[in-house]
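Below, chain A partners chain B and then partners chain C, in two separate complexes.
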Partner chain A sequence: MVFLTLSCWIRNRGPDRYWKVQEVLSNARHFRGRKNRCYSLAVRAVRRAFVYATKARKIKRRNMRTLWISRIAAASREHGMKYPALMHNLVKSSVEVNRRVLSDLAITEPKSFLSLAKLARARQQEGFGAALGDGKEPPGVFSRIVTLQ
Partner chain B sequence: MSSFTKSAQQWATFARSWYLIDARMQPPGKIATMCAIRLQGKHKPIYHALSDVGDHVVVMNSRHIAFSGNKWEQKMYSSHTQYPGGFKQVTATQLHSKDPKAIVKLAVYGMLPRNLSRRTMMQRLHLFPEDDLPEDILLNLTEELPQPREIPRRLNEYSQEEREAFPTLWTPPEDYRRK
Partner chain C sequence: MALTLRSGYLEMLRTCWRLQARHVKIPVLNQMGLLYPAIARHRSSQSKLPSSYVPPTSLSRPPWPEVSYISSDEEERQHKVVLENVNTLLAKEDYGRLFAVVHFASRQWKVTNEDLILIENHIDAECGDRIRLEKVLLVGGEEFTLIGRPLLGRNLVRVEATVIEKTESWPKVHMRFWKRHRYQKKRIIVQPQTVLRINTIEVAPRLT
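Then we have the complex of A and B:
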């Protein structure tokens, strides 16, 4: 027998188990069921949650873009244009406004958005005229802007 | 609008409107897409799926919808009572005679996103088989939407002058006999 006196039988475990457990449980407090109280269940749920959070950083950018696109589509339909026509004609008029700013304009600056929609509509009509007409120079200016390199 | 207070502007932006659609002689699918867009709120630049920005839609004359082609006889609506041998299939005509609102209701239900807000959006859809709407709904209506399909006129609805002014391809000779 190695431990011959009583004092040698005492084991000193780690002094900080409480704080190590709280480190995990504090991230699980808003979960449903026993996962927010019981450490073994919470550890697994917290790991899944962190994995979802890392994956979601890329998905958030995708979701934001689809939201901007649906908002711009709604606003352009209010002015009688469709989203693909609006974006294509803005690109052809070399207006490089991105979707985030366009959706913000549509919400907070409706008159500016209306003017952009009218610009796109004019460029669209000129495109139709150039395609269907007899190749004469139209009176407008939009189609004569330098095309993108 | 710039003279409104911020709270009044926000109240006006997020208010729920009531739209009216007349479904007489219209294809129910086109009616349903218009309804679904407005029930979700996708016609507003402030749209967000969680923001509950959908509006109310009132569809009248749903008894007088017009399917194109042979869909009245060929389109089948299926259901199951969950009992064995309980698979039921009815044609569009049979379903329409049993319940004149069911075709438009099922069409809109299938076009809404499959999440928990679908049931709330269906509660904001009001269907009426004829054009007699109750008083409280008539008081709420804000806008009538244009019909998606232009209703063609029957031959007897054209006046004699319009019939004569219509361009003809050829005029038959005097002794031409039609079969």
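Then we have the complex of A and C:
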């Protein structure tokens, strides 16, 4: 008599548990503590790490832009202009250099940045001159304000 | 407050007299100046300034800074001088390394010779093809800068590049997880990349 049910009691749990576990643990090898060795802890830590990485990819763009803006503001203040004035006047002069390149120019090409700042300053003065005008009333207008002459 | 000042002055005078045993006699004019400082100021101001003088206040001049006007002739002369200088520089071709700001693949790049650029998308050119980058915003060297409004002319600047490599990026993981809601999604993103090497930047020596 042969005992035949022994072979029915053996469970085949799946041949590649080792590789599935390694897939997760390999992403956790540089973590601190038991998270880099124990699978249950590692799963949670790796999931958080991936979610942080996806969110950070969006936030990185925002942070880079604020960094460029603060660098351009510092460089323009060295030349006696403020950041909003510089950008507005460059846009009005139809110069479409973006903030990343402007910050690179401010760091590596100071003379070119100075020329851009001077261009913006000239456009600003032109704008002020146009706003102030001649100091006279426009023709054909009768005004209550009487200037002493 | 004026009264207390005057009394303070009197006290000072009295103490001085007591200390110096009443030998010091301050002449009458000066005494009046010490007792009534307003009179002293009035006396000093009367002699120097004309009667039409108005002291400056916060409303003496407008709050905006003064604008210095340049006449159009002067401006034209200045422009001509600058143009001549730049034209002589370009004609000599004595400038060293040039840099250019180029608009390519919806991004702006600050580029020089022998530069490598990594672009995160696919380009329709094969490896080894020579490409001309046409949208140039700015060209500069050590002595001069040419600023385009917004672009510089095609016959003014020539930027050439070669396609070196066409690969894919490393596999980035895009994961979403919402805690206590049994929701998670994992996706692997692989983006095509192209590497360009900038060969030359040339400027044509003719400006009006």
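Here, the second predicted complex is superposed on the first by the 122 of 149 C-alpha atoms of A that agree within 3 Å, B and C clash if a C-alpha of one lies under 4 Å from a C-alpha of the other, contacts with A are read in each partner's own complex, and residues count from 1 in each chain.
Please note the rule applied: contacts are C-beta pairs under 8 Å (C-beta built on N, C-alpha and C of every residue); 3 or more make two chains touch, one makes a residue touch a chain.
A quick note: this is a predicted structure, and the numbers were derived from the prediction, not measured.
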Partner chain(s) touched by A:E96 [first = chain B, second = chain C, both, neither]:
second
Which partner, once the models are overlaid, touches more of chain A's residues, chain C or chain B?
C
With both complexes superposed on chain A, which partner does A:S70 reach: first (chain B), second (chain C), both or neither?
first
Touching partner for A:E78 - first (chain B), second (chain C), both, neither
first
For A:F128, decide between first (touching chain B), second (touching chain C), both and neither.
second
For A:S115 in the superposed arrangement: first (chain B), second (chain C), both or neither?
second
Considering only the touch criterion stated at the top, classify A:I107 as touching first (chain B), second (chain C), both, or neither.
first
On chain A, the footprints of chain B and chain C overlap at residues none
Enumerate the contact residues on chain A facing chain C in the complex.
47-48, 50-51, 53-54, 57, 93-98, 100-101, 104-105, 108-109, 111-112, 115-116, 119, 125, 128-129, 132
Per the contact definition, I'd like the list of chain C residues that touch chain A in the complex.
64, 67-69, 99, 101, 108-110, 137-138, 140, 142, 145, 147-150, 172-177, 184, 186
Could you list, by residue number, the parts of chain A that touch chain B in their complex?
67, 70-75, 77-78, 103, 106-107
Quick check on the complex: what are the chain B residues that touch chain A?
42-48
